[in-house]
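These are the structures, in structure tokens.
Two complexes are shown next, each including chain A; its partner changes from chain B in the first to chain C in the second.
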Partner chain A sequence: PCRAQPKKKKKVDVKKEQAQKERMKKKLKKLEKAAPELIPIEDFITPLKYSESNRVRSLPTLSPEESERRVLLLKKWCLFKQKQDEAEKKAIKALVESQQEALKELRLESEELFQAAIRRDEGLFPFERDGPRYTPPLPGYDPPEGKCTDITKVYTQ
Partner chain B sequence: SAAARRPWKLYGAMCLLRLPRITQPLEKEEEEVAALMEQIELEKSHYSDHEIRKLEEEERLKRKRESLYDEDDAHGKAVIMAQDLEEKWEQKFLQFKAAPRITDADKSNDRTSLNRKLDSNLMLLVKQKIGNQELWLLPQVEWQPGETLRSTAERAMATFLGDHIQAKVLGNAPYGIYKYKFPKAIRIENNVGAKVFFFKAFLQSSDLSQAELKADYLWVTKKELGDYLKLEYLKKVNRFLLD
Partner chain C sequence: DALLSCHRSYRSRPTHGIGKFKYLLPKEVPKKRKEKVQMKEINAGTEYQYGDVNIQMTSYDLCLVEHFAQYVHRLCNRLSIRVNESYAMPTKTSEVLFLEERGSKMQLDAVLTTHQRVVQICGLSSTFAPILLEIIQSNQPEGVHLLMKQHTEADFKSRLKSRPELEELLAEMS
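What follows is the complex of A and B.
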């Protein structure tokens, strides 16, 4: 006589729980569809304390001779860079021509050596080199000790 | 492969370059423009925290001298001024002595040393016997059948500098070629002359004290090559060398 009621309760409970879970899932889907917040780029936002008026430098204005000198210097620079660029291009062209001539002669000699020469060199890239500095390394130099703490802010979306 | 009549002897030569260790000095125009750029940057900038601190302290000093009573003396005597900090940093900088850009080898013009001319490329020249002449050349050996020309060039490097040399060869293809015919005295039907194929490599290991150099050698810059190489050879070599 008392058996039917507990059974009903279980069924109703199970149904209610399932309905609740579906509602939660729908809410989660809605939240996920909304666009994620953009991470602010800290380099592009100038802190407000740098736009205060007392920060502006007070320097004497440029004399006309000075601005004239600057314009002429920039024109000379333009010409200098153009000559430098032309020289570089000429050097690269000579390099390529020399290589082509060498490969042509090699082909006349033997086909298999030529094929071995034009094969790609896998070990060449990535090519790394420690760039030239202003002074050569000082032998026996003991650099001062210190600790570097990284305080960059990490944002998560 | 068809063994056609090969009247040319093949040689593989290696141009080993020691890359520059320091930057080249700036040209006159470059220095002027660099100074101008710094000036413009200074004019367009605002004061930094350090400079604001310096200005405020200068004003405070001025007020202290003008006013007769010292109001700031009441609290804190050992206040470090920004000017003192700058002087301290300047002192510390002057105490540091960097290595000189012009080394001893430069001054004595010791051309066998690798420490010379740190701002330009240095290449290896060795004295080799060709025919009955002793000539200064880029290290070369004759090609053996069964190896690629690149391995010939690497063998040339190993012959003169030992096995423990670390160099990065730039690719499988030759960079230049020098073709010459033997003098009529030794020219025969299938041995007309020789072709020397040049390869380029960058020296990776910086000290060669372990290298057993078996012949006379020199490390020279591109400009100094003319002192040692023959004209035709020099012309071909100069084509694939960037300054």
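What follows is the complex of A and C.
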């Protein structure tokens, strides 16, 4: 009697554990089968309130002089932008050409330095830069105390 | 029924193929199966070429960052740099609260949304990289934060949804 009962307990335990493990493995397999999904981006989903409203904006009618003036202004702006873009392309070309020339000269000077110059720069990445601001920071500005809380919606699969 | 069930083709006769009509109908687009999101192999790059590089642009202003991302993409196209992918990272919303002058309550100031766009390029040569960086920097608009770094698996994983159940099970198993 003392021997029989502990043996039964062990058997039942082992079987239960094995069954549990198998169930967990099956669950794991099922979850792993499902492919991971990308988080939906809220920027590309238009909120419903912008598609449901019926109000339409009525623009004031333009006089022919005004529309003429606007068209001429647009043409001038296009020309200005084109000149700007062409100048940029020219600058890029000039940069690349001068770089190639410098490398050619370096090659003629010494092969070792040329090889070292061609190598990629490990310190270049990661590169971070903040964009320019409209106005410089105000001197002696005392910002009010506060905090920022992150309220992004967490998506789970 | 006898006409429809006839299987003899009579290929030598001029009446071969009589009764066919499917070639006249407009082509049906095959049903698009949901493509599984898989991670593409990350290119490490040789000594003279950088592998997969991510150009990440972050800002509070959506239109500005979107237009800048389009500009960078077109620039890479023009300079014949291969663009692997151009995607958007999920938007982060944050609440800004400030302490009132007379009082201990936090006052809600604004709700800001941070948008991020990523342009992934491949095969950037070591001599051209500084030039590209210079161009992008000179055209950087106000308030747009630029970040250029190598593409890693962690970057890809940050785009996917978290699976707490899977992680729990894995933790239990090991």
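Basically, the second predicted complex is superposed on the first by the 81 of 157 C-alpha atoms of A that agree within 3 Å, B and C clash if a C-alpha of one lies under 4 Å from a C-alpha of the other, contacts with A are read in each partner's own complex, and residues count from 1 in each chain.
What we mean here is this: a residue touches a chain if its C-beta (ideal position, glycine included) is under 8 Å from a C-beta of that chain, and two chains touch if they have at least 3 such contacts.
Bear in mind the structure is a predicted one, so any value in this text is a computation, not a measurement.
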item	value
Touched partner set for A:Phe44, first chain B, second chain C, both or neither	second
First (chain B), second (chain C), both or neither touched by A:Pro126	second
Partner chain in contact with A:Cys148 - chain B first, chain C second, else both or neither	second
Which of chain B and chain C A:Leu103 touches, first, second, both or neither	both
First (chain B), second (chain C), both or neither touched by A:Glu112	first
Touching partner for A:Pro36 - first (chain B), second (chain C), both, neither	second
Which of chain B and chain C A:Glu22 touches, first, second, both or neither	neither
Contacts of A:Lys76 with chain B and chain C, given as first, second, both or neither	first
Chain B versus chain C as contact partner of A:Arg57, first or second or both or neither	first
Residues on chain A lying within both footprints (that of chain B and that of chain C)	95, 99, 103, 118-121, 124, 127, 129, 132-134
Interface residues, chain A side, partner chain B - complex	50, 54-57, 59, 70, 73-74, 76-77, 80, 91, 94-95, 97-99, 101-103, 105-106, 109-113, 116-121, 124, 127, 129, 132-139
Residues on chain B engaged by chain A in the complex (per definition of touch)	1, 6, 8, 10, 19-23, 27, 29-30, 32-33, 36, 42-43, 45-47, 52, 98-101, 103, 118-119, 148-150, 168-177, 179, 195, 197-198, 202, 236, 239-240, 242-243
Contact footprint of chain C on chain A as seen in their complex	24-25, 27-28, 31-32, 35-44, 88, 92, 95-96, 99, 103, 118-121, 124-134, 144-157
Complex contacts: residues of chain C adjacent to chain A	36-38, 45, 47-50, 53, 59, 62, 79, 88-99, 101, 106, 109, 111, 115, 126-131, 133-135, 137, 140-150, 159-166, 169-170, 172-173
